[in-house]
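Comments concern the structure below.
Lettered A, B, C and D in written order, each chain numbered from 1.
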């Protein structure tokens, strides 16, 4: 048993840390960002920086052009990348592309990989994952899936509405989860400019860290050839599991970086700001919050590492990634909320990156399964209800 | 002892509730709102509605044109008004005007009242209160006040910078707290268009519910005649106490209305949305959150009422209003946070009013004294340190 | 609306406070107490003190020998009485006698009152209430009642086992909830020395504040004449409702007194004990805990008062007393837990009354309905599930 | 990086688990236990069982008769041992002997080891550590040490009072921290039957899991030869640091075992007990508590492992062991408190081991430094105050 980083990993950690600090954080106030995330122009500029630094798409296989990182190596690198909200975009490890890359590596056909995965890994294309639907469709409960796929010759005709589709605006292709006539679910790949796909609107969201924001997509008689089925027909949910645990975990990693950033902002402020005859940091009330932050940050890190090591040993880790997701999303949020409190008025204005982190992070307790769904799933396994 | 509402108060409660629901909530998506709050045009339109309904500036004295509400009557009426973020603006009981009206009623001279208070009560003017300063000036610790007032004949020359000045943009006049040469503090009244006052910028804030947003003001050799001193010379902090406890409490009241609104949105959603074979509301996990919300809402209400009744008995209520402020700002926030969680993805997008409430309310745990300052102030009194 | 105490009530409050402090607290280390509560000898000695002070059984009707206190008057007096764990025993307002007195006043026949209520009010008899059963019988879910009552001529034959029967050991009579053949529930009165009642054992409990502890009772062919039915046949649950809300609330009141005692012990210690160059109370970390305690104490008090005033207006208050019970049992517990932490090693040893309060109070979050059952009951009403 | 157990460690884990379950838990209701812990007779009987099983004093060096476990190996074995409150006593790894063995291995002279350490490792002797003093002496703040050691020839004369001395009653020897004339602190070894040592009383404590309970010791002109100085003269605090981090951590390990036991009791109950038409475990409210318990247990485990691995790498780990101590003592306590709630009435009576665990564990948030002292110590390091 060992939790010390190898020299190689320490070097990669340090390299990423410097890259983010020196080359990426200066862009954080770049005006080419809107409430729907950084512009494509800015994104491409950042991608080039990561490419030059040798840090682009590090989780992809070497064959596809990445660094072939293991889960535990991702844990180290993604945390560093997440220190800036622009880091994951620069390094091409943001959601949903990061998870889609993983998914395509695992289950796409060689032809599909050449067509969709390779440009994605190269940072030349963007993708989205169309799963969530408006009521009464699939939300926390995927079994309520209502978008339909009807066979027509060798093709499938897709109809339905999806929302909260992160990155939809500007994406080059989409992975669609739809229900066949027999009730089973299947994933389909489609270019976004195919006839029958319409971006109805971008949603007005609390976060602004995802390129392309969150869109509402309408599929109207979208025709998809049979060779664009992703994975096996009728095994959509099962195949998507491949994406599930790792995608949960990489969210935990990136947000850990953001939470650590918040803590650094708060500590710097607490050292500097005076009140009632001493610095804020010399007040126990503030000091306790900073200690609690450290505990929450390291607890998050340990659960990430523990689960990543388990995935690296070849286990599915569904229980453990559920647990890590609940713990990280709640602990990292507490950190950010405490930091806002320490900064006082400056915490709720754009004087630092903190307000943006606060707005960006709240959704993490909800997407990829809200805490309540994960708790219940854990409970059933622990008690053996099912 | 009695906590039942008199028929007269029940009627006023019902009247306000209907007014807000029928006449004000329809404006909530009115485009004349920006990140710095509703436009002045929208504000005036709403004010006219309240005037017609007989609900304008109800806390002002009858003499000045209000309804002369007691503190406990305000507790009932302001909670109802706060049910919509636009309610307090329509009824002219928003911060900081509401507290400034109270302050001017208590300590302004008759001439000052005619000049500044009367148009304020009539909803024709807006005001701001310039206290908070950038580091190393006055923040949570008012004794660090650094804006100076230097006597020059019968006038005073004001120099300094203030920030987080709510409503500064568009305000007609300002109350300025400044330090005399002898170290004592004094409040001054000034028209905002006086030479020497400059609005440097509006701050980029998390909230957008205050007309005029939060500004940064620069005073450069601002000349103020001696008859524009508000209250007594050198008694600025003591005089401002008049504003303190009531202003804290009216924040609690208005935000209680917003938190109740959040709960109503969440309950409606929990009744409607299905997941895992039943409505959300039939899941214990969601039900417990709704029960906890009810507890937090009523706890807030009881502390507001308790403190209001105490102020109505003529007590200063500094301890009790500190306590109510901590309890309400934290309990009402928990309510809103839980509601976001119940709504899931819709909680972090603009599909309902909830996201706006979430963004608007976070600052309440900070302004008018962050929880930590109030806790420490309470502790010292309880332990008798000082 | 008014929350100030009348001069009469202030006088009663002060009188009770002095009585507890001067006459009762000196008995707290009296050796005539075991893990199953104070001995009957000690109890009688204390009862005599309350009788002389005019404070015995103050909630009973004047007709029966009490002071005929309203619910809000009880709120004031019971909190004071609870300041000492022996106070409620001295004043004959401890559980379960206090609730049984209330129940008998409301629904007993005149003959039943003379036989059982009068000596109970006089402090000459003790009673118990036999409801809870071992699994699979009635616990949190009363519908699982399994003790049977079979009609035999004019009599009823009772068979079953009850546990957690507070005060059973030494009680003079018992109120038994049993199920008729038709499934309905009925309450029966019986002397404890009737043939067919056996006290199997006293349970080893965390608390030691209830006279007689908590017993396990076996009913074997216990014969009860028809005139010992309490309330209406088949209306046992409905009739017991009379006891429900007030009994919950008086628990809240008495434990509020104990929690206030804990806070006083902690403040005294924080003023005195030095660490790291100042008193404990001068450390913000400790000060914040004491401020939080004050908030929790007053929140409890306000919910008690609010619900008591509602009961005094003739409402049933089931929702409100559930809410008050959850809030008080959790808030008062937090107070005691924080006080233990403040006292450090002395908090977990018998150097002060605090450790006893800690042990005695934990059960309050469980009996009279655990928090979870009340939360769910509240949720259903709020959401309108049922 | 790797968190999987080696086959050797898995075997030791399984062996310990079986030993505790099969041979030790049957003694849990053995009557030879009082409020001051198991009797010496029972202790010796258990020690023999561990000796036969090859599990006695496993953390001692092989040279001294132990298994020479590393810190991470201890983490695995001690958690298993702690599953029963009698496990650590049987295996001779209970406090304070476990820490004293570690301390003596590190800093005692060869002669001291033969005289005091060898019989301690063999389970033939018991020891205590006399540090804490009544006010105004050393409590959370060790600098307030007031017991004096005055040089007299080659000897030292000790005077002072110590309390909360775990295991004092029945101990064979004591390690005493005392202050020299120059203000520096030194540790001394003394047989407990030396003239001048008096056990004034055993304290009435909430816990009953430590052999010998917690005593008050009086030193009156206790004469100690110079060769009984433990470590260096005047370096008492520095030398005691050796004991500090590991002793904190082994508490975390043992209590993790107890908390896991509580969870197992709660799960078994939740599977069995019916309420409102289903098992308790099928209620989300209960399920969420069980999921939270699992999170708290594994969080504790990960912090223990992380810190143990760090100590095994030769680092001092003061910060990390402070952090682990706060996290474990609070998380493990939450587990036990939730389990009590799940069991309802049975949680607050001696029907299961749970009530004992509840009483035994509360002190862990206090001893070895209360959470508040550790939080402040962490804060200073994080902020760099000092």
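The rule is short, and it goes like this: a residue touches a chain if its C-beta (ideal position, glycine included) is under 8 Å from a C-beta of that chain, and two chains touch if they have at least 3 such contacts.
Quick caveat: nothing in here was measured; it's all calculated off a predicted structure.
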Any chain in contact with subunit B as well as subunit C: A, D
Chain pair showing more contacts of the two, B-D and C-D: C-D
Distance-maximising chain from subunit A - centres being C-alpha averages: C
Distance between chain centroids, defined by C-alpha means - subunit C, subunit D (Å): 38
Interchain centroid distance [CA atoms averaged], subunit B/subunit D, Å: 52
Centre distance in Å when subunit A and subunit D are each reduced to the mean of their C-alpha atoms: 42
Contacts with two or more other chains, residues of subunit C listed in rising order: 283-286, 288, 372, 375-376
Subunit B partner contacts - residues on subunit C that touch it in the complex: 1-6, 9, 72, 267, 270-271, 281-282, 284, 286-288, 290-292, 294-295, 298-299, 302-303, 305-306, 309-310, 313, 323, 326-327, 372, 374-376, 378-380, 382-385
In the complex with subunit B, residue positions of subunit A that touch it: 132, 135-136, 139-141, 144, 163-164, 203-207, 214, 272-276, 283, 285-286, 340-341, 344-345, 347-351, 355, 358-359, 362-363, 365-367, 370-372, 375-376
Subunit D residues within the subunit B interface of the complex: 283-285, 288
